[in-house]
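Chains here go by letter, A, B, C and D, matching the order in which they are written, and residues are numbered from 1 within each.
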Amino acid sequence: MADILKIGSYQFQSRLLLGTGKFPDLDIQQQAVDASETEILTFAIRRLNIDNPDNPNFLERLDLKKYTLLPNTAGAQTAEEAVRIARLAKASGLCDMIKVEVIGDMRTLLPDPIGTLKATEMLVKEGFIVLPYTSDDPMLARHLIEAGAHAIMPGASPIGSGLGLLNPHYLSFIIEECEGKVPVIIDAGVGSPADVAVAMELGADGVLLNTAVAGAKDPVLMAEAMKLAIQAGRKGYVAGRIPKKRYANASSPMEMMIE
Amino acid sequence: MADILKIGSYQFQSRLLLGTGKFPDLDIQQQAVDASETEILTFAIRRLNIDNPDNPNFLERLDLKKYTLLPNTAGAQTAEEAVRIARLAKASGLCDMIKVEVIGDMRTLLPDPIGTLKATEMLVKEGFIVLPYTSDDPMLARHLIEAGAHAIMPGASPIGSGLGLLNPHYLSFIIEECEGKVPVIIDAGVGSPADVAVAMELGADGVLLNTAVAGAKDPVLMAEAMKLAIQAGRKGYVAGRIPKKRYANASSPMEMMIE
Amino acid sequence: MADILKIGSYQFQSRLLLGTGKFPDLDIQQQAVDASETEILTFAIRRLNIDNPDNPNFLERLDLKKYTLLPNTAGAQTAEEAVRIARLAKASGLCDMIKVEVIGDMRTLLPDPIGTLKATEMLVKEGFIVLPYTSDDPMLARHLIEAGAHAIMPGASPIGSGLGLLNPHYLSFIIEECEGKVPVIIDAGVGSPADVAVAMELGADGVLLNTAVAGAKDPVLMAEAMKLAIQAGRKGYVAGRIPKKRYANASSPMEMMIE
Amino acid sequence: MADILKIGSYQFQSRLLLGTGKFPDLDIQQQAVDASETEILTFAIRRLNIDNPDNPNFLERLDLKKYTLLPNTAGAQTAEEAVRIARLAKASGLCDMIKVEVIGDMRTLLPDPIGTLKATEMLVKEGFIVLPYTSDDPMLARHLIEAGAHAIMPGASPIGSGLGLLNPHYLSFIIEECEGKVPVIIDAGVGSPADVAVAMELGADGVLLNTAVAGAKDPVLMAEAMKLAIQAGRKGYVAGRIPKKRYANASSPMEMMIE
């Protein structure tokens, strides 16, 4: 069974996208990346020190041939800033994919819907493969699809909060909205493997996470747990779960009950 | 890392206990059992046709050397019936472990607390390794431990309901109650891999399920998903998840924000 | 519409039962009791200083003709202790109703199912009107009904925790179990008016609470809020709520949409 | 205690806003409006038959001096349509308040964020008192406040779904966002009095509902229940609820425990 995730012209076996921020050190980061078996690494362009190539850089430690890089525009508060950061990324030759982050508020780090849509429209026109980080508003997802986004990345809850999926109902509306059009990657707020499984069982095409791994007591073991949770949730979704019932449903035939 | 589940004198690598009821046919059952990598199979003694050994029997299809059998007393509505069924199981030479099921109600299939405790007391005295299926009442779990139960098996929700963990709070109280004494196996009501992960992340030592696999559209694939979910949840628990926060927690350093 | 709560031989207009512990002072307690419009006051017999009638007593401040007293056996850890305390209450002439509390654990204050059932059996035989505080185990509720309990009082969550209804599903099973037999009073763990409304909308016959009022910043105002929540939830239950739907249901006719 | 709801230049004692669609008949509607003690009635302008004043009209039955009318733009799918409908309402002389509804999808009836913001900007400039029906996206709420909206009306769940508050976490972010600026009226999706109490306890300034009353088995009794739930939730919020705790908190002093 070839169960492939397609984003734009790219194809992936893994459905786990991993961020590279906040690991205790570069060794642990590398081991966690390995354990996760991710194929897509995301990072803030602002951390690349593009203007100062002499500085040490987390990317140097990774075998870049093994990964597709998904730079993000973290730090942008307007569409214009996001576009400017995206162009920097492209100019560096690292990747033509870009995760749009236009943050509206420093406390919740929730995405600004207006700026996100505008940046998506602009970057699609410039030829990027655009993956916007967005709220869980299904109507905004529709606008982003119409603007040409190549994937929709709704937040489960605030970045790094570990709150999991606050509104699975609207996330499932977004999944319906995107079906047959573009993949849905649940992004932000995931705290544990169970959250990942819930997301995949809703029918999401993938999950992006960072803090849940980097901030765990044992990041490498958690990275492996997340890899397994992605697979468990995906296979569980494909396998077709049992319906929920108010009352019980005996697994042992009742006609054999002791009389 | 040897992460071993111990029940009485037994030791297991796998933390998934699989029931054998309601599979579409014996071939699918066998493949699902293989895919699950379970080491413990549970089944209703009443289904064994012990009195009529000429009848075909699901156990014949399995390589019994690979599995520890955990017969259950399904069908019993009183402690005395459960004890009688348990003795039948022992007499058959299959196993000295017994899962006590004393069902109080045919609609919810919830366990009868009084009969469950009484049967546990009686069977412990007769030398069984006793695993009672019980409600999620932490105080009843304490009585069962005092009675000598070798594991506590609280239901997540009604058997076969697929409702998942209705009361994770009290399940975690039971896990606290049992810590350092006996393992906790979440039993009944699990519907999907995410439910399994939630149970393991609470700190449960294992999960027993049946309908969630046997009743899935693709039972073999679901068995594999459950195996992965057990591992994901267990590793996630050991790895130590991030705390939950009301607001966000940036994964990219904010001091690098575009000014 | 006479919507009467019947417990044993008693009848009440109000469905709110109020505990009398932990109020900041007796003035506030009295005002809160007034604002709640409760007709049933519960209190720990141990607080009555029955052995030392010279001590000041919270009951002295209340016009006892206006209330039915529901003494409880708080402090009992065995059935025998509960029975002894209940007899003290009866001997004082205050009331023939008794709320059975047999606590199994000092950290969770959850009721001991075995001791609770035993105390209920004993006190019913002695002619008390018995209201056992119990877990949310529907099978234990059945045993308590069979033992002759005059109401079932399942906890919503641990006493004073404010966690609300941890398991509304099993509470609704208890309500089904008791229907046409005895009233169900949700007892313990309620934190806010919304919790009260949820309980009443499940079909509970009443709610007993204490800390949620006594521990509020403004206990008197909270008492009034709880009174209103009881009425709101009860009327909402009787009025018959709309079903839940996955998608929307226009309140304005769609045929009048602008074309 | 004068606890006043202010919207633009208006002041209200009641915090319940009631819609007028889908009642079984005009008699029941009138009785339900009376029982609710609402001061604000909302209705779709398209239902007014403004072009055909000979048609019977639900407003004729109401004593319009008692109510502030809040016409809505139901049926609009673009900002321009909403503005056109709002002007019709103003021209009729009924009110200078307008509830902006720009619906993006006929199945979920979720509001279109882009059209809603645009219509709000346009109508504020034309001097309306503008109350936009919006998603639960806190960043969109911020844009709407900046555009001059006089209240924010986030949906709890899809219109008429009865699902209650799908994402109380983000609704509470919106309430924080609006604090000291404009009131927050939870609008759409409420199913029962408990939902109303939850909304008010979050700190919402009011709740607008329609189907939950009009579609109840007894709409008049449900209207009364909703009135009580608004008061219960509001008073509960002002009174200051107890904190939630993992374990118990005895309401009877433990030092009086039986030794």
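Just so we're on the same page, a contact is a pair of C-beta atoms (placed from the backbone, for glycine too) under 8 Å apart; a residue touches a chain by one contact, two chains touch by 3 or more.
Since the model is a prediction, treat every value here as computed from it, not as a measurement.
Peer 1: With contacts counted as defined, which of the two, A-B or B-C, has more C-beta pairs across the interface?
Peer 2: Spelling it out, more C-beta pairs touch across A-B than across the other pair.
Peer 1: Farthest chain from subunit C, going by mean C-alpha coordinates, please.
Peer 2: A
Peer 1: Roughly how far is subunit B from subunit D, going centre to centre by Cα mean, in whole Å?
Peer 2: 47
Peer 1: How big is the gap, in whole Å, between where the Cα atoms of subunit B centre and where those of subunit C centre?
Peer 2: Computed value for the inter-centroid distance: 34 Å.
Peer 1: If you average the CA atoms of subunit A and of subunit B, how far apart do the two points sit, in angstrom?
Peer 2: Averaging C-alpha atoms per chain gives centres 33 Å apart.
Peer 1: Indicate the residues of subunit D shared as contacts by at least two other chains.
Peer 2: If we look for residues of subunit D contacting two or more partner chains, we find 108, 110, 163, 169, 246.
Peer 1: Chain pairs that touch, all of them, please.
Peer 2: Contact pairs between chains: A-B, A-D, B-C, C-D.
Peer 1: Please give the residue numbers of subunit C that touch subunit D in the complex, ascending.
Peer 2: Contact set of subunit C toward subunit D: 19, 21-22, 43-44, 46-47, 72, 74-77, 81, 85, 106-110, 158-163, 191-194, 196-198, 201, 210-212, 214-219, 221-222, 224-226, 228-229, 231-236, 238-254, 256-258.
Peer 1: State the interface residues of subunit C toward subunit B in the complex, per the touch definition above.
Peer 2: 104-105, 108, 110-114, 117, 135-140, 142-143, 157, 163, 166-167, 169-170, 173
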